[in-house]
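Here chain A shows up in two complexes: once beside chain B, once beside chain C.
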Partner chain A sequence: MIANILDGIVLGLQFGLLAAGLTLVYGLGGVLNLAYGQMAVLSAIATLFAIDAGVPTLPAVGVGLAVGVLLGLIFDQTILRPIYRIQGEARVLLSLLLTLGVAFIVDGYLTWRYPTEGLSIRIGGGPIDILGVPMRRGSIVASVITLLALGALFAFFRGTTLGRAVRSVIEDEEGARLVGIDPRRMLRVILALSGFLAALVAITQSMVRPVTVTAGFGITVFALIVTVVGGLGSVTGAMFAGIILGMVNNIAASYIGTFLSLLILLGAAALTILIRPSGLLGVKE
Partner chain B sequence: MILEVRGLAAGYQGSDVIRAIDFHVDAGEAVMIIGSNGAGKTTLFRSMLGLLPASSGQVRFQGSEIVGMPAQRIARLGISFVPAERHLFPRMTVLENLYLGAYPDRPDPETDDMVMDLFPRLAERRRQHAGTLSGGEQQMLAMGRALMGKPRLLVLDEPTTGLAPKLAAEAYQALDVLRGKGLTVLVAEQQVPLAMAFSDRGYVMENGVFELEGSSEELANNPQVRRSYLGVT
Partner chain C sequence: MTERFAEATGTSLIGGTEQRASRSLASLLLPIAAVGALLALVPLWLGDSRVMMGVAVVGLTFACYAIGFNVIFGSTGQLFLCVGALAGIGGYGAAILADTVGLPVAVSILIATLLASLIGGVLSWVAVRRSLGVIFTGIITLIFALAYENLLLGLGGLTGGESGFSISSGADSFLRRQIPPYYMMLVLVLVFLALHGLLRRSHVGWAFRALRDDELAAELAGVDVARYRVYAAMIGAAMLGLAGAIYAFTEGRISPTTFGFAQVDVVVLVMLAFGGIGTLLGPILGAITFTAIDEVLIELGQLRVLVYGILIIVLFLWIPRGVIPSLQAWLRRRRQT
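Let's look at the complex of A and B:
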């Protein structure tokens, strides 16, 4: 049980970080990016190719993260351009359709071209005992990286002018413009950050289990569930929801079965929509 | 002349709410635009400041044309706008709201001190979320945030909206202090007596056009203004 909870927290933090990348783009731009998982997979594959080409692991991870950032920026400059011109609900719908299209194309290409590839970063050494539970080193390294990233993310939003400017656009776009903040520029920053987070989660995941070319939709679905439960536009909510759902997922997987854990997660999302449509910490509209 | 507006027209869905607006504000002046609800004061400000596209006309600020510029660029040129709805950042602290007013620069300590002296309540509540403030405090914060950007021109749309008479008077006391420091102020107001006591000159807006203009003293003695806006029969 303790092992499940610990593993669940590790997984949950990653869920949370993953969802943060999705929820921020929604909160800021009213865009839901269904190709988010494919961004993560492409970054993982880039890392894999770098490693296969003989690049040492650490720089190869750097390549993967850079690809994530680049993908975010490319998204911002290409597919999201027509979306930004539309206001309100139509914008969300158009973003769903266009990014879903991109997701299918990327997914199809990857499974056709590299059907058996998968990124798996192995971290050597035996397990380490934590609270009497032997934890794999890969899990521990992944958790430490995730925690550091979370800390950095909060420091960015609370402590830097740019981070505050991004939050101000989520809070009140007109207010932000009145103090001289360009919402469009903030959105570009956030898409780069979103790509970075997708890449980071894919890479840390690969330290625990392989990230295959077909993992994209699964990643998007997890991120969406966590986002819905945590509340659209709330990073703190995404973290809470991530940890709760991570534990639920692991406990359900070990006592009931993996095949049902996804159903239980979806159930949690549905229940949240029924009871608290704005999510745990979402903004009420 | 710090601000010059010529032939400005703007509106929604193709029909102009305001038409042929001409006016100016000189450096150091306090100018009011009075008019009843729906006269077009807010539309005028929004179109002047890049929040609503103007259908025709010119707006010059310190000699350069600003019509067609996005609001964020106009803000950085040195016009701070305090809208009637305030548009604060509710889940950010008072301090964060103020600091964002200085964006993209770091807040200037002197301006920070000046704002805190002007509105001691904000200093008391610096760590509180803006959304938890009372209406009067929110108005102070909106004004404080606008001042943090060290504007050349402060534009306020009905700063007394939703405020009790005592707080409304306090808002104008603060504006008086700012004028004493040489700030140029343009204010739209329905609470005419307060605005009249504060400003040097004014314009009367009705149905999207300026009907009258003059010094505040002239307007205060105008029978039509007395009847419509000062409640004197």
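Let's look at the complex of A and C:
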């Protein structure tokens, strides 16, 4: 039980970080990125290739994170350009469709290049004990990295000028523009951050369990569910929802079975939308 | 190009341009009859090949799906990302009722269709009640589609799980022969088209258009927004369920991928976007085009997914309103000059 809860919290924090990357782009740019999971998978593959090429683990992780940031920036400069030109609900819809196209391109290429899950990414080691509970070393490292990233994320938003500027745009784009903040530039920062978070979660996930090349769509859906439950545009909400859903997932998985646990997760998300369409901590539009 | 997207569609992608709904009944039925006559000739051309007839039946089934989705999304702007799930409820529902419960095939198809219609109605009712926008409607129906796929695998005892469900009922009926299923599906396509056409012309169609153009104004003018949305969803979902159920019996074997999200929803969305969302004949044009493209690309295997991705991007950037509305606009311009 304790192991389940601990594992669930770690998993939940990872869900939260993952969702934060999605929810920030939505909150700031009104763009729902359905190729988000593919960004994560590509970064993890980059890490694996770096390790295979003889790079030590830590720099290899750096390579993966850099690829994530790069992918975010490429996204910002290419596929999102035509999307930014339109406003409102049409923007969300077009972003949804175009990024779905990108997701298909990446998935199609990967499944063609590595058929029948020919490539799975696995980084990590054997078990050690915590509170008398055996946990794999991979999940310990993953938890530490996750917590550090979480701290850094909050420090960025509360403590730095850039982070505050980003928050001001989320709250009031027009007002931010009036005080001299360029929303378009903030969006570029956030896409880089989003790519970074996707890469980070994919790499830490691969320390706990293997990530397959086709995991992209699943990752996006999970991030979407956590985002919706936490409230679109709210990072704190995403963390909160991530932890709850992570624990629900692990406890349900070990007591009821994985088949029902996903259903429970989906049910929880649907229920949240119905009871509180703006999410647990979301802002009413 | 995307500026055109925004101005052509206002707040949504839906750009049906055939707004002169006062045309006579003949002018509505004529194009449908022409499509029917043209498609009725296909077995003369491909009828010798069992494989090609199978492909043609799949093409017509997707035309049915696209029409059903068009009624829901094209008419009332409800983004239902559970097209495959609703068709699957029709298909699996009918198969289980006929094989496991032992009901006659026709009764099973009827009940499964009603079930799909009911579920579509409930989803729409919930979305309307909670006034969910396009995106949240999309997300909640996507969640429903995922739950459905998960249930399909989880209830393996009933559905055959991953390996699928072999339908033994109706194995000796005309639905399993080489050419009759094609005509069965063609009749379905034509009936759906006529239904959609009549719907557009009726006061329901006026309400739909008013809703699409300006929801607030329509509501103020006395259009019962909620009721028409739910009607559209129920009719569209019934079409999806019926097409799925009949397809299941012509095929004799269904599996989760028969009605999967990637295999149905994405393809239907691309077909409809290509033909023209909200137009009468757009779904047919899209279904024929992409069935043909799919046959050409079959040797590419998994790379087909990549090609679909590129097509989605190119289509939505280049002709966001679809081929039929773009053609109509082009013809109008030619006539004026």
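The rule is short, and it goes like this: the second predicted complex is superposed on the first by the 273 of 285 C-alpha atoms of A that agree within 3 Å, B and C clash if a C-alpha of one lies under 4 Å from a C-alpha of the other, contacts with A are read in each partner's own complex, and residues count from 1 in each chain.
The rule we apply is simple: contacts are C-beta pairs under 8 Å (C-beta built on N, C-alpha and C of every residue); 3 or more make two chains touch, one makes a residue touch a chain.
All values reported here derive from a predicted model rather than from experimental measurement.
Superposition model on chain A: chain B and chain C are shown accommodated side by side without a clash.
In the superposition on chain A, A:G88 contacts chain C only, with no contact to chain B. By the touch criterion stated above, A:D182 is placed in contact with chain B alone, chain C being left untouched.
Judged by the touch definition given at the top, the superposed model places A:S168 against chain B, while chain C stays out of reach.
When the two complexes are overlaid on their common chain A, residue A:L32 makes contact with chain C while staying clear of chain B.
Seen from the CA centre of chain A, the centres of chain B and chain C span an angle of about 90°, rounded to a multiple of 10. Of the two partner chains placed by the overlay, neither chain B nor chain C lies in contact with A:L153. Greater residue coverage of chain A by touch, when chain B is weighed against chain C, goes to C.
In the overlay built on the shared chain, the residue A:W112 is in contact with chain C alone; chain B does not reach it. Applying the stated contact rule after C-alpha superposition, one finds that A:L100 touches chain C and leaves chain B untouched. Between chain B and chain C in the chain A overlay, the least Cα distance found is 12 Å.
Residue ranges of chain A in contact with chain B, taken from their complex: 161, 164-165, 167-168, 171-172, 174-183.
Within the complex formed with chain A, the residues of chain B that make contact are 51, 70-73, 75-76, 80-81, 83, 86-92, 96, 99-101, 103-104, 106, 145-146, 149. Looking at the complex, you find that chain C touches chain A at residues 1-3, 5-6, 9-13, 79, 126, 130-136, 138-140, 142-144, 146-147, 150-151, 153-154, 262, 266, 269, 273, 301-313, 316-317, 320. Here chain A touches chain C in the complex through residues 32, 79, 82-83, 85-90, 92-94, 96-98, 100-109, 111-112, 115, 217, 221, 224-225, 228, 259-260, 262-263, 266-267, 269-270, 273-274, 277, going by the rule given at the top.
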